[in-house]
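By letter and in written order, the chains are A, B, C, D, E and F; residue numbering begins at 1 in each of them.
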Amino acid sequence: MESLNTLWMSTGLANFELGQVIMMLVGCLLLFLAIVKDFEPLLLVPMGFGAILTNIPVAGFSEAGGLLYYIYHAGIETGIFPLIIFMGVGAMTDFGALIANPKTLFLGAAAQFGIFSTLFGAIALNAIPGIEFTMKDASAIAIIGGADGPTAIFLASKLAPELLGAIAVAAYSYMALVPIIQPPIMKAFTTEEERKIEMAQLRHVTKIEKVVFPLGVLMMTIFFLPAATPLVGMFCLGNLMRECGVVDRLSGTAQNELINITTIFLGLGVGSKLSADKFLNIETLGILALGAVAFSIGTASGVLMAKLMNKVSKEKVNPLIGAAGVSAVPMAARVANKVGLEANPHNFLLMHAMGPNVAGVLGSAVAAGILLALVG
Amino acid sequence: MESLNTLWMSTGLANFELGQVIMMLVGCLLLFLAIVKDFEPLLLVPMGFGAILTNIPVAGFSEAGGLLYYIYHAGIETGIFPLIIFMGVGAMTDFGALIANPKTLFLGAAAQFGIFSTLFGAIALNAIPGIEFTMKDASAIAIIGGADGPTAIFLASKLAPELLGAIAVAAYSYMALVPIIQPPIMKAFTTEEERKIEMAQLRHVTKIEKVVFPLGVLMMTIFFLPAATPLVGMFCLGNLMRECGVVDRLSGTAQNELINITTIFLGLGVGSKLSADKFLNIETLGILALGAVAFSIGTASGVLMAKLMNKVSKEKVNPLIGAAGVSAVPMAARVANKVGLEANPHNFLLMHAMGPNVAGVLGSAVAAGILLALVG
Amino acid sequence: MESLNTLWMSTGLANFELGQVIMMLVGCLLLFLAIVKDFEPLLLVPMGFGAILTNIPVAGFSEAGGLLYYIYHAGIETGIFPLIIFMGVGAMTDFGALIANPKTLFLGAAAQFGIFSTLFGAIALNAIPGIEFTMKDASAIAIIGGADGPTAIFLASKLAPELLGAIAVAAYSYMALVPIIQPPIMKAFTTEEERKIEMAQLRHVTKIEKVVFPLGVLMMTIFFLPAATPLVGMFCLGNLMRECGVVDRLSGTAQNELINITTIFLGLGVGSKLSADKFLNIETLGILALGAVAFSIGTASGVLMAKLMNKVSKEKVNPLIGAAGVSAVPMAARVANKVGLEANPHNFLLMHAMGPNVAGVLGSAVAAGILLALVG
Amino acid sequence: MEHLTQLFIDAGILMLTGMVFVFAFLGLLVIFINNVLLKLANAYPDPIIQSKRPARANNAKVSQQGVSPSIVAAISSAVSQYRQQHRKK
Amino acid sequence: MEHLTQLFIDAGILMLTGMVFVFAFLGLLVIFINNVLLKLANAYPDPIIQSKRPARANNAKVSQQGVSPSIVAAISSAVSQYRQQHRKK
Amino acid sequence: MEHLTQLFIDAGILMLTGMVFVFAFLGLLVIFINNVLLKLANAYPDPIIQSKRPARANNAKVSQQGVSPSIVAAISSAVSQYRQQHRKK
């Protein structure tokens, strides 16, 4: 009898709290979005699963001694997992399109206005009772506008770990929603004529340029923004391993097994931050709203910057590729290509859009470094 | 001269204790069984090797600062390695046969009687002087009957770490001996006629069933047995990654590199528990004896359950597949197939036996959860 | 204004110290040697990169909480990374040539004179003001003569962690320089006639010999030199996994993904020891000089030993393969082959040189064990 | 002795509770499969994959366009040799 | 209220500093590419890889030595079948 | 100075001990190979693998059944092209 009672008291049913149930449904929603809607599944599947696990009563996944506790503290609090991911992303990134058309860096720069303007918005939300964002919180939220998952997780784990769950959910959700969020904005800020602009074929980029490029980026980061060197440094290491041609086995592992292993655990660890007390509050709503605003402003800024460049430069760029400056590699570049094809069936913008796209990755890593340096 | 003396005093020969020599021979025996007899080599090769390393005098592999010390405390004491293995096993498991014929779940349930009856046996052994098993010890020993390596290691590391070495040796040895232990029992409890029963072809299982199944299992575990969620949860995560179709690269890594890396270290870490003081005692003999009993009872229970089901159900099952309910995937299913073919050359039971086989994995994870909840 | 000032104070430019700049240039030099000159790129690319990262002002890569700090303390201080690498190297090593011609073990033994004579040299350097090497330091430096990267890193991390950076740089640089350092020495100590000696084809080595060999080596190490068992043990585990034929998936992972992942982090971690205060001193110059001497003496000892063996044995060996006894697998064996072909175009020494080559790996692991036992 | 008796009683209760629970749990899973999964399967059947058919038809056509069996044999032998050489990985 | 005003001012400064810095940084990168990389590209152009030409020429020759199109079709179909079978990994 | 002398003596002893030990250890290994391994090799020779012979014989037979050299050339060129395309991984 006593044994049955012990067993009953150890069931989930006897211990559930409402918040946990809701958060499990949130986890299921993330799994649904990932599996059925193909929303950034590589991260959202483990993350949604982690959200379910962390909210199981009695099991203690995120308490001392629990699996998610170890994963979070060893891999995310230390920043190790996002940095390994970033190294892998670097090993997957081809900067050829950017080097061939360096002007596109300005598009990637402009799109970061999505980040910095959101700072303002986050502070403004303090006017709503129940929301109290410090400047650190605001910075961590603003980075969602960078449309770059590992950067957002890295910065949030340093500046506002208690908001990490909501920030990661917002960042990955909006990255997945890029094909829905961006096209109307892109069309609103461009004329049919502008969308039809065809761009000249990109020049051939030599091997030595691709090898020296990550080293140059690293050196500039060291000189001007050491706070960004963890992110930029690991990214450049990955890219150097890719391009140098003498360590292909390391580059291959960084792009495949290592990033896969880390992604599983990063997702689980981030999911462990989706607990009721940290997620079910009005601040999360604020973060989700701000994230959408940040993405939209970033997109518009990129497009407008391209139009401005066309005013001063003789070689025209199609303003649609400015939208790719928010990063969200390679989704945003594909969206630019698709919207371009709608206006002009002979207009293949994919390669051109890869320039601002990878510039956006650098841009948001730099922005994260600035926020770390000034606020962290 | 002094130098020579120092060198001599630092040799193994000058420092050997008898127990260490014997345990090294045990390690060599495990290697022999693994390499020559093909006994679960993936775990027994690193485990036998770990047993040799941990017993080297002077070297201090398992003392603070030693390699096996780090491996054991970081990976096994925390439960991380068995859970990663379980995720990989989940990613390798196809539940199709089980979903197509859900009745076979009862076979997997019945076979767990091997576990719970062994509890009794372990307590009974307390009558022998020199053996003193607490209920925690008895539970950790009983789980050998689950015929599931990572489950046994996980539970033993939580309930009776000092018995972990013997329990792991017993579990993996008997899993390897399944083709020898099971057939006589299977034949003893069945008639020639019963062994000839052919089963209808399994229905096609759709993708959505396979995707929802691990989530359903997880939900039920959360509701009724949160203590089992570490094991069942990681298993279901692996299985979901396999079936959902959108994270094939994660699933591939979980099934290959990640499980391989973890297996090497899990084996070494478990082997480090094969030290003389913890292994060379009468309790180990008791554990080995109980393990054999547990396997036999589990096999018989599965077979008898199948016969019982044939009494009440019109669609007959071949009772041989009941023996596969002990898990030991996929060996036990193959044994059922082989014994079936001996009785009837047209009787292909392999797919049918996969149902109870994977049900047995779930069953023993549930049993482990019950023991953790009630005894842990 | 204040914000701008904070930003300026957080730039690298405002915080650089001269030593850091120089060490970054050293890091760039290592990258140049690795990428352009193909100097052991697998380790030197991450190591050169680590050297740059660790010297970034403000960023704090190697301070508590920094990425390199975690990597160094978790992976190198504990010895785990070099041991995993050694396991992978074992899984890549074929002892067939050595077993077929066991005499070549003496060549591998003789080449270790490069290690022990360098001990003397390191102590002698104490006569130079500003250099003060203890016997531990001298031992860690001497192991450079072993021409084996992981062994050098393992021993240096135990005996003289503050010299680790310089020792690793020296070891890998000279290993890469083997094709330049060795040929003149080989030619100086041999006559044209000797270099023309053709060797009989090696006998077939059976599977059982290859399986038992690593176990025999391990047993002998256990009996006579337990201090060497971490290195030799992991090496033998890797080799056993390779040869036993039943754990090919573990062996494959140990040779590929696991060693690749570990190499990236080992390189970064070793690079983190290339900080100005530890590298920019006269001791580093001494270490670099001693390393070159150690390699040269090791090469000459191997060659002379081969000539001595030809005096007493009827079956002649080509003395060039003695040079391969320094290890530096497989570069040194290739060099022996190339110099042999120059003297006699029909003289294929590659397989014969693999014997002393892998014997050198064992020899330097044994030497490291002796130094650990007597000095550590 | 009394201690041992108590342990036996505990073990018995544990055995009973455990087996009942295991059967209940896996039994519920049977109900879950028969009710939830089967309905889902009917509601969302697997799409019929026809995309690969044409490819095979093509191959068949090629074979009929007068390629002699000896050539096919040569090709399969080449492919199997290739496979053998690459089997290791 | 005063506190919030201060935060707004801080956010404004941060925004300004940040955007200026981002543009300056990526602008410098433009200069780096146009000046350093382009010069490097001119100084060290990629070597023209001719080593593979002969191989292709060989293949072409083989094709001309009277291998009928049906054989080529058979081979490509064999290879594509092989690829399909091995696509998974 | 005295200190340095002592260090030199220590280094000398270490050198001597070390070299003697290394030679003794690797020498024992020679004995181990010559005595233990060789005997094992004689007692348990590698099984002669005949299973693959028939396959090769088959291939040979196919070649003899009138497949012209041009076809073989075409196939090898197809396979080598295939390999080139897949070499990267």
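The rule is short, and it goes like this: a contact is a pair of C-beta atoms (placed from the backbone, for glycine too) under 8 Å apart; a residue touches a chain by one contact, two chains touch by 3 or more.
Source: prediction; values computed, not measured.
Between C-E and A-E, more contacting C-beta pairs join the chains of A-E.
Both subunit A and subunit B derive from one sequence, and where they touch, under half of the residue numbers involved are common to the two copies. Averaged Cα coordinates give subunit B a centre that lies 36 Å from the centre of subunit F. Centre to centre, using the average C-alpha position, subunit B and subunit D are separated by 21 Å.
Averaging Cα coordinates per chain places subunit A and subunit F 48 Å apart.
Annotation for subunit C: residues touching 2 or more other chains are 3, 7, 224-225, 252, 257, 370, 374. Chain contacts: subunit D has residues 14, 17, 21, 71, 75, 78-79, 82 touching two or more partner chains.
Per the touch definition, subunit B reaches subunit A in the complex via residues 78-80, 83, 87, 211, 215, 218, 222-227, 229-230, 233-234, 237, 240-241, 244-247, 249-250, 252-254, 257-258, 370, 373-374. Of all residues in subunit B, only 3, 6-7, 10-13, 15, 24, 28, 31, 34-35, 38, 41-42, 45-46, 49, 52-53, 56-59, 61, 65-67, 70, 256-257, 260-261, 263-264, 268 touch subunit C in the complex they form.
The residues of subunit A lying in touch with subunit E in their complex are 98-99, 102-103, 105-106, 108-110, 112-113, 115-117, 119-120, 122-124, 126-127, 135, 138-139, 204-209, 212-213, 216-217, 220, 224-225, 359, 362-363, 366-367, 370-371, 374-375. Against subunit A, the residues of subunit E that register as touching in their complex are 4, 7-8, 10-12, 14-15, 17-19, 21-30, 32-34, 36-38, 40-41, 44-46.
Those residues of subunit F that touch subunit B in the complex are listed here as 13-14, 17, 21.
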